[in-house]
Every structure is written in structure tokens, then in C-alpha cells.
Amino acid sequence: MKKLHDLKANENDLELLVRIERATLLSGANGQNYLILNLVDPSGRLEARRWMVNDYDKEHLVPNQYIHLTKAVTSEYRGQLQLKINEYAVLTENDLTKFGFKSDDFFVKAPLDVEKHYQDFKKLVGGFENEVYRKVTLHLLKKYEKEFLRYPAAIFIHHNVHGGLFWHSYTLVKNILAIRDNYSYANIDWELLIAGAILHDLGKVVEINNIGANDYSLEGKLIGHISLGNSQVVQAAHELGFIDYENGRQNASVTLLEHLILASHGKHDFGSPVEPHTIEAVILSTFDNLDARIYRTNEEISKVNLFSWTPKLPSEDNKMFYHHFDKVKAKTKK
Amino acid sequence: MKKLHDLKANENDLELLVRIERATLLSGANGQNYLILNLVDPSGRLEARRWMVNDYDKEHLVPNQYIHLTKAVTSEYRGQLQLKINEYAVLTENDLTKFGFKSDDFFVKAPLDVEKHYQDFKKLVGGFENEVYRKVTLHLLKKYEKEFLRYPAAIFIHHNVHGGLFWHSYTLVKNILAIRDNYSYANIDWELLIAGAILHDLGKVVEINNIGANDYSLEGKLIGHISLGNSQVVQAAHELGFIDYENGRQNASVTLLEHLILASHGKHDFGSPVEPHTIEAVILSTFDNLDARIYRTNEEISKVNLFSWTPKLPSEDNKMFYHHFDKVKAKTKK
Amino acid sequence: MKKLHDLKANENDLELLVRIERATLLSGANGQNYLILNLVDPSGRLEARRWMVNDYDKEHLVPNQYIHLTKAVTSEYRGQLQLKINEYAVLTENDLTKFGFKSDDFFVKAPLDVEKHYQDFKKLVGGFENEVYRKVTLHLLKKYEKEFLRYPAAIFIHHNVHGGLFWHSYTLVKNILAIRDNYSYANIDWELLIAGAILHDLGKVVEINNIGANDYSLEGKLIGHISLGNSQVVQAAHELGFIDYENGRQNASVTLLEHLILASHGKHDFGSPVEPHTIEAVILSTFDNLDARIYRTNEEISKVNLFSWTPKLPSEDNKMFYHHFDKVKAKTKK
Amino acid sequence: MKKLHDLKANENDLELLVRIERATLLSGANGQNYLILNLVDPSGRLEARRWMVNDYDKEHLVPNQYIHLTKAVTSEYRGQLQLKINEYAVLTENDLTKFGFKSDDFFVKAPLDVEKHYQDFKKLVGGFENEVYRKVTLHLLKKYEKEFLRYPAAIFIHHNVHGGLFWHSYTLVKNILAIRDNYSYANIDWELLIAGAILHDLGKVVEINNIGANDYSLEGKLIGHISLGNSQVVQAAHELGFIDYENGRQNASVTLLEHLILASHGKHDFGSPVEPHTIEAVILSTFDNLDARIYRTNEEISKVNLFSWTPKLPSEDNKMFYHHFDKVKAKTKK
Amino acid sequence: MKKLHDLKANENDLELLVRIERATLLSGANGQNYLILNLVDPSGRLEARRWMVNDYDKEHLVPNQYIHLTKAVTSEYRGQLQLKINEYAVLTENDLTKFGFKSDDFFVKAPLDVEKHYQDFKKLVGGFENEVYRKVTLHLLKKYEKEFLRYPAAIFIHHNVHGGLFWHSYTLVKNILAIRDNYSYANIDWELLIAGAILHDLGKVVEINNIGANDYSLEGKLIGHISLGNSQVVQAAHELGFIDYENGRQNASVTLLEHLILASHGKHDFGSPVEPHTIEAVILSTFDNLDARIYRTNEEISKVNLFSWTPKLPSEDNKMFYHHFDKVKAKTKK
Amino acid sequence: MKKLHDLKANENDLELLVRIERATLLSGANGQNYLILNLVDPSGRLEARRWMVNDYDKEHLVPNQYIHLTKAVTSEYRGQLQLKINEYAVLTENDLTKFGFKSDDFFVKAPLDVEKHYQDFKKLVGGFENEVYRKVTLHLLKKYEKEFLRYPAAIFIHHNVHGGLFWHSYTLVKNILAIRDNYSYANIDWELLIAGAILHDLGKVVEINNIGANDYSLEGKLIGHISLGNSQVVQAAHELGFIDYENGRQNASVTLLEHLILASHGKHDFGSPVEPHTIEAVILSTFDNLDARIYRTNEEISKVNLFSWTPKLPSEDNKMFYHHFDKVKAKTKK
């Protein structure tokens, strides 16, 4: 059986074993509906189409369903590979074992040893001098450990893989540590900044509906991860005694940490209720944005051929990006 | 002794007893500093200036200080009355009694019976069918009762008087009740809307530094009343058992109530981390804005003569407003 | 014969009697054109599609045409019901009588007693002390009475039903009267405000092409209802002698009334040539906007199931709205 | 006696005869008020300051007052000449004759033969084929002839001289005629465009308070010249029978002409209630803007030395302009 | 054989000889791809569609290909004519001769005598007093003469015909010369302005990929014609000795000329790295924009019937334009 | 003799030796001019004021002038120290030696070994595989070596010290190298990115008028450092043969490098004629902005006391920043 990653244009009669990540029903101009299906198998992801959708299709071609494709066909449209679905059979997770797979194989995973680096995190934070940053961070890591290590960082935009939330947070901490020496002249509280980097997206474990991550939860849509994350910090600070229950006045470090989370999108326009008033908030919001942009633009560039252009990217104000460099070829050349 | 409200231009040798609400130090082009002092006495407010400021002035002409003015002088500048401070003596609250006053006389108060209408509130809310809206609202009213009934709704912009926060919230509830019949055709949850109207600005009891309200607290500057208020609701919901501690999933009514608070500024640009996704959020954010605008523009219009223009109002995109109608004269005429 | 309001998904062989409100020709990707038809019958509205459009269809499936459908089919697309048109016969207004209907049955009407409330209006205005507001308003009500009572308030956005213009204006007046006591402290000329509320959209009787309201007139597209309405007031004021013909200087009340109409969209961006410079203009533009938003969002929410989301709403910056409350069920529960 | 135009920095003991165009009272940081006075004499304009203003000054140093200055002093501030007022005597218009002047000498006038070119206008318009453009334009020229030939085009921004409104309109017509051949390929109705150019700013004769032009009228502030001008056209069209009184439907040429006036600011943001929907509106709004920008930037450039920069210009998004070329020197050199 | 310009709706069995200007592959909702083909023949342009695209079509229906159509069919969609391609044969340039054509016939050409007017240009520039403007302009005209006279001014937006770049530049110079007398009062360096008008778009000869102009070059996409044009001027100035190689300081006239090119889009938002700081830059950027807008809106208006509306024009903020005047009919009428 | 860095508020009779960095003449409300003087001595910077400015002052208190102050007085205004200048004597550079100083002591210098790190740069670049990035960068470093190592990175905003341009560029390269491993998964050409980081602000050696850096040059004001820097690269590429002289087509690496410089401000709004179309441009523009923001906000925070707020910062959308952490105290505590 072939794998998604190995497919080329104009193949016929393909047999494939895949999980559906997302399914979008659209209406064609001929009065027929069709489905855009985002598929994943152990080798990676591919977008597929199911034409002439009937009621059975609507019911079974849904997120998190495993299916066994036969007679599938590939084609190329504007330089991107596309799969056309013909015959298919619906599988249970148990069925996967017959083919020698387990369900976990059908999730793309972050390319780093999450468990190992998580221990690094805890050690780093455990050494903080500031009691608030240390205790609040460790408290929340422990409380949401399972989700923090497994959730994606987003549904579409960036690090949308198992462990992506950790990967994204980890990269921010690494970037921050990497530039620390270059800014030794400045009045930056690095402990605050690292705590903020770890916690800034923790609200996503409530914002995203579940580990399958095919939609936002009601909390996600009506509150958003920024305010959800802020509430997590407030709740932890209450439990740890850093907020005066009676009048709401709180330890200044809690306030600074909340500010970091609330300001992490940098601008009101991007959903931050407050904009940066500290250097740490400037740095965190910048790296948060940069990491997401690198991930997304690289993802899109990688889908098109060398010396080609991506489609217009919504995340980049509808600008197209140019694929001018291939790290594999560059390495090989050496 | 004269009262601020009775002063006219070009009076001399005035004796006055006042409290300083705010003091702003500015630097003149002659290298001399001067102070803009916002004064209040039992009759109302007036802006004053202290020229040629010395160190003694800087130390004593500060917010919440009571002073006894003598030889003060009034003038008119661009149609607005201004007071020039000459001799003065610093008073303690005790000194006020000698003049037959008590400190409370030197705060402008909301023109409604706060205590009485507060009881109406509690009764209204007590009758809610929805358990979440009823319990969360009553819980928070009780917790912050003292501040909720006495704080202003803002430092500068609107309802900046003792009891102003209650006044503003009360007006919103009254407006909502008033239009309810006109929208009986729509799917509006009026209980949710009323709960939101009562709670939407409760974060201000933490945002504003104290009942004197001459500045924002650190929490106010770095977090803001919208997120502070949201945390109050979350905290109440936790205590009342409406949020699952483990995974953060919560009763949908809590989510809808949080949404109302978070969206109460209507637009990202005005500091709301989410924009309205429910009719109730549309109505609340509209009335919140309308009530503040009516208060502020009326306040400014009242300071200038009939058939005159206000200065440019920062809260109205620097537009000037026209004073074309006087409710007192209109009434008298009848 | 079934009614549009009673249809459910997946019905076949339907017979229906409808009027076409709007018809939009689109081009399919297979080179075939199709029509989106907005249908209405005595029970309400429904969107339909006609695939594979031929010249006969183009000529006959047009706005304000009555048709008799047979063999029509319903389906569901993204949670919304859709009708597919198969066989049909074209009817004249006379033909309707055979089926026991008259043409007026095929227009959605505002859910209020227009004639009765119109008399309230005239009485209210007739009692105005201000001669300008009284005379100008009555003059224009009389002049455009027929259209004012029958036109919709807009083609798409809000109150797009027979009598919708009156309904919208009436609701604004009712809202204004409802909050009057809450703002008794402010210098608001309620007569001016009510006159403005009645007249602010009167330009729509010229802006909209006809009572069928399927398009804008040339005047509507090139001038717009704000300027058309302003000209109506100017014209009335000229006829009533409130404007000096020679030099254009005018009674200040006329100027204030014109300002209310011109500023009724609140912002330059929304087509107002001047932005509010009076409290009355602030209130009117706020209620105008609020009433339209409540109507539109409620309309969209009502089309989707409880606990579902609307599509992205262009009138709400492409935000989706959440249907979390149903007034009928809420009432029934009690 | 010297003239304003001949003054240089650091002159003392000056005697001058001037009219005050505008007077702005400001408050100094020393608690003293001072006046910025815009002066004009037969040679031109100059900005002056009156320090330590007393009540007599406030009453007499007002717009349109003639005064006889003695002991005045000049200085230079940031490369611009400034006049300091010391002793002065108030004059009546009659007093001017003693000095050999008449009041008209104290108004800056547009540098063209207004009367002569006005005849050109009427001849040009009189030859129009389109009856609406011809009759409406001639009707309005006749009605507002006196003001049209004498008013400035604006108070501050551009062509703020006697006859400036005519000068600006005339330049637009000349520019339009000048490019006509270059766009002979396009479907442009040049008669419509010329009528629009003549009438587009006619509302300014109501917007500006009087020929002295030191403020806007109430109509100007609350309605604006765009809507005032539109009403002038509508009124003319009514009188000439081009609008159906009953239903408001009108001759399409009237609609197109109104559109030109309403869209003459080009963008909603600049106060146009509609934006261009015709080529003619594109051209007129472009030339309106261009003519004002050339006038203003040239005016500012002319105030500073060659190879110097103007202050930040509010009309140019606060950009400074560079004076790199002097037409007089360039000519002389030849 | 028919010509594109003569086609009407609903013609069948057409034989046509055309060149493909652009080909856009789109994906239909039925899983079939189709092509939008922009065709041109000696009579003009027309948009065509090829449904059910196969691999042969993809390979042969490409830009700059000549094809011989048979059995083509026309239809009308929303008031615009459309061609459906059925049978076709691919032709070489040589094949054209058999039909009595040459390849040059299949390019739309600017409607002016380019060569003749180019001589006017050189003569005009040759007479400049300013050595920098004269030499730099002549140097660059000579260097890029071939492309300057043949390239279009843009791919889509305006003057997208052979010689369009010259036509656009020529019109700007003509417009500038035409208004010169109207601004004789201003400090405008007309030589600078004319030089800027000639050179401002010269970067397009690198920005556009080739004379066929069906795409932008890599330089065009990553650098843009403004910066490319600026480099052309800098390079010329270096070669002519107007820039000091060592320190980069340069003749002020070079700087002013660069400013004109860099500021020619008028606003940062439209891609100008600097905004106008000279009157000349104000004028050039205004005329550049005006000329493009007139061309584009006239082009779109000409495609729809008299008294009809264009589709929404992206270049005009998605506003529709009204075709109310036809220069041919207007002339004929006379 | 005291140093600027050691001054405290309310000192009198001070003797100081300083250089004037900038001098700004302002007009006071009393008709007197005064000067804001930015002073620097071997210990650092301080803002001073000279009241009651006379002609001698205007002539001698100018940028780059050395002066010997006596009887100077300090005061505090809004938490910031201010110096009042009384008696002073003008010094030549020679005079400095009498006091044991040389002119170089009176320039603030970047806190790194510029010469040493410059050698690192050259070595790093010398090892590039890509010939274009290697040769162009080394060519330009050599050409502008002297200025590149000594110029500031800006006049006001950031790194406005001797060697600041190098410091800023060096920090960017260090940051880029520091995060390289964290993005090993992405298709990033690190050589291109480093070359861009080194060259992106090189245009500033022409933009800033001279090493004293008290103003922008004419080139700086009319062209800007982005376009000036782009021209430097183009010129180098021409000299190195990477651009085809005839047709302007160029080596793709040159195009990519130009793109990096042109897009380095990230947005049109900030003066970039093109916005990022490559990952490298995203990273460079982000780090450019981040480095400037850290520098400026830290600079402002350092001027106010711990737990105080800065004034509104124009570079941060007029937001105030909070000084909550002091790196020295934090270190000491340990």
C-alpha cells in the first residue's frame, strides 16, 4: 500500500489507509455537493476531494474517521498534488491493527522529544528566584501536563501537530535563552519572560475542542485562548495565595505575568486586550508572531516546487511567498 | 464663603474651601512650573491654576488634600471659568468640621438613591430563572458590594463621581428593560443581558486605584478592567461549581456571561479581546458606549454657554459639540 | 399545496405557489449558468436554485414574477434548507385568485399595525412645541405618506419587509421615548430627536427603486438616501418659509434637523458627510445602527438550529453569531 | 509708513496700518493670555503676537478691526518673520481715508480678472447642449453671483483670498479644458464635468460665515458645503422643473450633477457621502484636491527660504515640504 | 472569418484566428478544470472559456500561442460577451501569413504615433536648462529606447497595450504642459516634473517579464518597478558623474529626480517608500494615478451597455461605475 | 568638575564641560524664545534648557559646540532630571585638552569592541558559499568601512551612539546565528539572511548628514536609507558583474538580497516599498524592529525610577512603559 507522502501526479487505482483530519462540505455550481477532505497517514498529509457527495458520504467522511481507500486517483492543480476519492471502506481503530498500524500513527507529531524537553522546562523553571513565576508556572504545568504535551498549537495556522503546543512554547523559550546575552545591557527580567513564554498559549488546551483539534470549543469561540489563559494564571495565583481574595489586589509579579499573556498578540487588532507596556511583553509578542510566521510560510513554501510561488497566504496579508532555497539540496550539495 | 458653583469671571479676593481631585505639574516656557488643579467643593467642580510652583506647593497641592484658599481670583479663558490660586492653607479632615463640613461633602455624588436602587437590582436578579446568571451576579454583588456602590465608573471619561459605577450600570439595566418590549420578536436572553449589564464594569473596582480615583492601579494599567472583570466572573464560577476544575470546560452560561464582559467594548480596537458573537453582546456594548457618550458630551456642553461650542473632545474623535438646548430653560419656558 | 415555511429537508415532488423577490444569475464552472432565486409565499421566505438555466428561464424567472412550482425538491446545505426548482408555470396576478390568494399575500409584512401607530406618530408630532420640527415632519409625512407606510427599510440588510421603513422608524421613536427618563439630567431636545428618528430614512423612498424593492434607483446609487433625505427636509423648509431663499441662511432648527439626518450613519466611513456634533445625533445614529444590527443578527440566528452558528455575516465584519437562546422555547418552558 | 511685505527681522519702532483677519486667544504658562493676530495690509499678510493681553485688547483686537500700530517690533522665529504688537489705535473704515486707503485695500485678492473670466464662464456654459447642465448652472451662477465672485475658497487651507472661490473653480475648469484632448478616447461628458467644476464648492457661500471669512457658519459646521451645495442644485432643479415634486424621481442629468458635487471630496473619509461612480467624478475630485494641494504647499514653501524646509503641514499628513526652486530667480537667471 | 470585435451573443459555429494573451487554470466544483483565456485578434480583445480541460489543452492553450478556432460559440453573461472554445488548431507565427496576417497584428497597440511623439520628447528634454534632468533623461531614453517604446504600462490595470508605457508617460507630459500656465504663480520646476513624468515608470521594462507581458519578472515581484526605476536613475547618474562614488553624496537634482520616482505612488500604502515632499511630487503622483484611473474605468465602462453598470472594480475599491455617456453617440448626435 | 551622569536634582552652582548634540529653539508664551539642548559629556547625556535666548545664544549654542558651563542648576520635572544653563563659555576642540579631555570623549560609544567584531563579520562572510552574498557584502563593507564602524544607527530612535550602526547590525547577526538551530527544519538560506542583516541599514551612512548625526541629509529626507541602501547593493552588483547592464536582468541572488533590504521595514506603512515574500525577509524585518524596540524602551525605562512609568513613547504608539526590574539591583541581590 502506498503512503500519501510518496504520491505523484496522475497515479491511478491507488490503495491508501488514512485518517480524516477535517471535512468541509461545499456546494458546486451544478447543484451537487462535494467534500474537501484533509487526510493524514503515517507519512504525512494530503488534501483530497470527494465529488458528488451523497448522504452516506456526509455521514461517514467525517473528522477522525479512519478509511481504507481504493481506486483513488491523483492529479495536479496549480502545482499542488490533489487526491480524488472513489471507493472507500470505513474502519474502526481496531481495524488498523490488521494493517499493522495503531491509531497514533495517524497523527502528525512534533519533531522533538517532548518528554525529555519537558523535563528541561521544569528544571529551568524550578531554578527561578522569583517565587511567583516559579510556583505559578510549575502549578499550571502540572495541572495541564497531559494536554500541554499533546495538543497542537493551533488548528490551522501553525504547529498544528501533536505536541505542537509544546513545540511552539519550547521554541520560544529556546529563542529567548539564545538572545539573552545579546541584551545583557537591558533591564529585562528573563525569568518573567520564560514563564510567559511557557504559559502564553496554555489557554489553547481549552480553546481547541479536543486532541483531534478539528474545531474550537464554545469557550474558544466566545472567550478565546488569551482570556482563558489569563484565567488559568489568575486561578493558580488564587490557589497559591498571590491574590487578595477580598479586594482583588495582587502580587505585582502576578500582574506582570498576566500582562505578558494578555499582550502576547501585540496589538488590540490581533485580540490582545492590552498592548505591551514592558520590554518582556515586546519580546514575547514578537517571538510568538515570528515563530508562527516561520512555521506557516515554510509549510507553504515546502508544498510548491523550488523556484515557484505559493498561493496567496491569508496569514501574510494575502502575499505569495517565493520558494528559492531548499535546505535538503543545499546540504546535499555540500 | 463662596462656593465653586457660584463663581463668575473676574472675581477677586475669594475665600474657598476645596478638595483637590487631581494635580498635574506642567512646565512653562519661562522655566517655571505650574499646576493644573481639579478642585471640588460641596457645590461642584472647577479647574484652577497655581503659577510659579515651589517645592512646598509640589508637596502640599496633591490629590485628596483639603485646602483653604484666600485671595483667589477668577478669570475667563475661551468661555470657560478658571481659578487662580494665591494664598492657601492646608487642612486636615478634622479641620473641615470647624467650617461646618465633613469630608464626604467634598465628593461629587451620583444623583440617584444608590442604596434603594441596589435593592431593586438584587430583587431583579434574585428572580432570574437561569441559575448561573442569578448566582454569579448575586455572589459578585455581595463580594464587591462596598466598592460597587461607591466607586466612580471612570477617572475622567464618564460618571466620574461617587457611586458613578453603580449609576452607569443601573442606567444600562434601565435602558435594557425599557426597550425589551420593542424587541419581543427577537431571540434575546434578557436575563443574560441584565447580568452582563450589572457586571460588565465590575473590574473597575480593581482597575481604579482607590475610591479617590485619581489614578489607575498597576492591575488597571497592565491588565485592564475587562480582563479583571472576566477573572472575577471566572473566580465566582469556580467557587459556585460552574467550571470543571480539572479541564477548564465550563457551563455554557458562564461562557456566555464571560463573552458579554469581554466583548463589552465592542471592537478589538477599543480593548475587547473578542468582538460580539451574540445579540446580547451587540446590545450591551452599544448601550455601554452610548451611556458614556451621553454623559461626557452633556458634561462638556454644560460647561459652555448656550449657542456655543465645546472644545475639541478627545472622546469624540476631537469633534466639537454644539450647545443648542438647555433643559432648564426649556422647562421654565413652559 | 405546501407552504415554504413548512418545508423540511429531503422532500420531493413539491407543489408551491411563490413570488420571486430577487433573481441572481451566476456562472457555474461547467459552463452552465444557474439562478439563485429568493422566493416568498404567504408563509415566509426561502432561497431556491434553478440549475442549467436556459433562455426561457432567464426571461421568466425574474423579480416580482409569480410562479407555480411542481416537482420541486428540498435539501439541506450547511444546516440551511434549500429548494431546487424543476417544473414551473408562470402566473399573472389574476391567476392567483384561482388559488385563493391575492398578490398582497406574497409580500412579507412588518408585524405591527402600521396605520394605527402612524396615527400615534402624527399625534406625538402634532404636540411638538418647536414649530420647525412639528411643521417639517408633518409636511413630509403627508407628502410621502403612501411610501413611508409601505416601503421596506432596506433591500437586504434590515427590515426588508412591507412597512419595514415605518417599523424601523417607529422602533427608534419607541426606544427614544423609553430611555427619556433615564437621561432627564441631560440637555437633550427630545422633539428634535423624535423628528430626526421619523425622518432619518425617508430618503429611502427615492433610494429604493419601487415598492418591490429589488434594486436601488439611479438616485439611490449616485446620491444615496442620506443626501436624498436631506434634500427632502430642505425642500420642505423652503416651502414652509424656514430658509431664506436669497442667501441660503436658515432657521437654526432646520440646520439641527438636517444635521441629524446627515449624521445618522455616525461615521464618514459609513456614508455620513458630517459626524455627530450634538447629543441628539449621537443617540439617533446609535439607535439606527442598533436596531438594524438586532434585526439582522436575529434574522440570521433564526435560520440556524439552536446551539449552532450562523455563517459569517458581512454586516458584522464577517463574524459568525451563536444561536444560544430561543424565545419560543424559553416561553414554553415557563 | 512701512508695509507688512517689506518688513525684515529685528526692525523696531514700526508704524503700520493693518486689518485683523483672525484673532486667537491663547493662555501662556505664566498665567498670562496672549493673542495670535493674523494681519493684512495692502502688501500682504503677516502673523503677529500681542503679549500680556488685557480686557481692552480682548475687546478691540478682533477680526475685521482696522488698527494703527506704532512701536511694533519684528523678530525671526524658525526662519519665519513675526511681529510683536506694542502701542496701537483702533480705526474705523472712515479713518482709513485719512491715510489714503480704502477698506478694500486690506483684503488679499485673487490674482486674476474675476469679472472678465466670469463672463467666459457664462459664455462657455451658455453653449452647453445639455439643457440641465446649462440651465442649472446659469440659474445658480445668477442667484449667488455676488458671493461666488467675492468669497474665498476656504478659511485656511487654500485660495483664502477675496475671489478665491471663483479662482479655484476657474482653475479647475481651465485644467479640465486643458486635458480634454488628451482623453478624447474616453467616454467623458465634458459638459457635465465643467458644470460640476463650477458648482462643486458653491455651498461655501453658506458654509463660510461672511465675506470676512473668519469662521464657519452654523450651517457650515453642522451641514457642510458638500450637502449645502447639493441642496442648492436640488433647489434649482425643482425650480426649473427637473425633479418630480410628487415622488422625488428626477432627470438623470440632475442626478449625475448631484453625484459630482457629493463625490467631490473623493472619499467617505474626506466627507463625501458617496464615492465616485463616474469618470467625471474621478476627474473632478482629483483636480479639486490637486488644486488645493498646489496652492497650500506653494504658499508654505514661499514662506521659507530657498533650500529650506517648511514646518510640518497638517494638510499633507504632517510632512515637511522642501523649497528647492524659485520661479522668480529661475526666470531672472534666464 | 469573423473578428472578435464584431461578435454578438448567441453566435454559433464561429471561425476565429487569435493569440492567447493570458491563460488561467481554474478548478470547477465538478472536479473538472477549465481555462479562462484572454484572446486578442486584429480587432481587439475578448475573454473566452475552455471547459473540461485535458492535458493537451493545458500544454497548448498557453500565453502567446496563436490558435485557429472553429465551432466556437458566444453567449452573454451579466451583460458581457463570452466565448466558448470548442475545436481549435495550434498555429505557428508562420502559419499566420497563410491567413494574410503577421504576428504584430495580434497585439493591441497604443492609439498614437509612438515614434513621432518620441522625437517630440527628445526635443523637449534636449532643451532643458538643468543639465542633470537633461542628461539623465536622454541617457536612459537611449539605453531603454526599444523597451520604452514597445512595453505596456502594466499587465492588467492600465494601458496594457503595445506602446502603453510610452502612451501613459506621454499623456502625463502632455497633461503637465497643459496645466503649466494655470500654475504660473507657483514655485514649480517644470523641467524636473517633465523628466520625472518620462522616467517614473521606466522600471516597468524590468518589472514586466517580456514584451508579451503575461507576468511579472522575479525582479518585478521582489523589487518592484519603483525601486528598479530608481536604480536606473542612480546608475545613470553614476555613469554621468553626478554621484560621488566614495561617499554616496550626490547632485541635489539627482536627489530630487529620485524623489519624484520613489514618491510617484503618492502613499506608503501604494508602495512608495517616501511620500511627496515637493510640489512636483504631488503633481506627478496625482497625474499618474488619474491617468490610470481614467484608462481603467473607461475600459470597463466601454464593456457594458449605455445606462448599465460595470461589475465591481477592484482598482476602484470595488465600486461599480455607471456608463451614462457615449462619446460616439454624442458626436453623431451633433 | 562634576559629570552629567552624577547630577542629582536641586544642585546649584554647577560647573560642567559638555558638547551640544542637538539644539531646538522654541517659542515661549511670554514672547521669549528658549532652547532645549541635548548635552553629552564623558559620563553620558542630559537634557538642558536655556531660557530667555538672545542672539548670541542662538549663534553659539549649536550642535557640536563644546561649552564650559558655570552656575548651572538642576531640577526635577516629572521624575526626570533637567539642567538649567546660566553662564557659559564657548570652547574649541583644542581647549578641551586643557581640561584633560579630547573631543572623542564627548561622544557616547557603543559598548562593544567594534574593530574586533568587525573582523568576525568579515570572516563569517568570507566563508559564504554563495558568491553573490559573499562578494557584494565584502565589497560594500570595504567601500563604506569607515562610516559603517562609526555612524549611529539612527538620530533619535535607537542605537544613536558612535558605532551604533555596527552595534545594531552586529546584534542582528548574533540573534540570527543564535536561533539558527531552532529552525533547522525550515528552508532558510542563512547566508542570505546574514548578508541582509549586515547590509540592511547601510544606506544610513548617506541618510544621516554626518558622524555628528544631528540631522538627516537631503538624500536622507527625499530618498531614505532603504532606497539608498538598495542603490548601494545595485551599484556593487553592477561593479561585480551580477547585473546585465543592457536589459537590467540580474542574478537571482542579487534580487533576493535587494528584496531583503527593501522589505526590512516589514510593511508599506513603515516605508518598505515591498513587503516580505521570503522567510528571510520575515525574520530580518522582525529582528530589525525588535532590536530597535528593545533599545528604545530600555533607554526610556532606564531614565525613570524603578516602579515608575516612562512618558508616552511615540515609537510605541504613545504607550507608557513600566520600569519593574533593574538588572543591576537584580544582580547585586544575588
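A, B, C, D, E and F label the chains in the order they appear, each numbered from 1.
Here is the rule we use: contacts are C-beta pairs under 8 Å (C-beta built on N, C-alpha and C of every residue); 3 or more make two chains touch, one makes a residue touch a chain.
Keep in mind that this is a model prediction, so the values were computed, not measured.
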Quiz item: Going by the stated contact rule, which chains contact chain D and chain E alike?
Solution: C, F
Practice problem: Moving only from a chain to one it touches, give the least number of moves from chain B to chain E. | Solution: 2
Quiz item: How big is the gap, in whole Å, between where the Cα atoms of chain C centre and where those of chain D centre?
Solution: 42
Quiz prompt | Multi-partner residues of chain A (at least 2 other chains) | solution = 27-30, 218, 221-222, 252, 256, 277-278, 320, 322
Quiz prompt | All touching chain pairs, where touch follows the definition stated at the start | solution = A-B, A-C, A-E, A-F, B-C, B-D, B-F, C-D, C-E, D-E, D-F, E-F
Quiz item: For the complex, which residues does chain E have touching chain D?
Solution: 111, 129, 171, 174-175, 178-179, 182-189, 192, 252, 256, 275-279, 282-283, 286, 289-290, 293-295, 297-298, 301-302, 316-317, 319-327, 330, 334
Quiz item: Can you name the residues of chain B that touch chain F in the complex?
Solution: 25, 27-31, 33, 218, 221-222
Exercise. Name, in rising order, each residue of chain C that touches chain A in their complex.
Key: 26-30, 32, 34, 49, 51, 77-78, 84, 309, 320, 322
Quiz item: Where on chain E is chain F touching in the complex?
Solution: 147, 205-206, 217-219, 221-224, 226-228, 230-232, 234-235, 238, 247-250, 252, 255-256, 258-259, 262, 268-274, 277-278
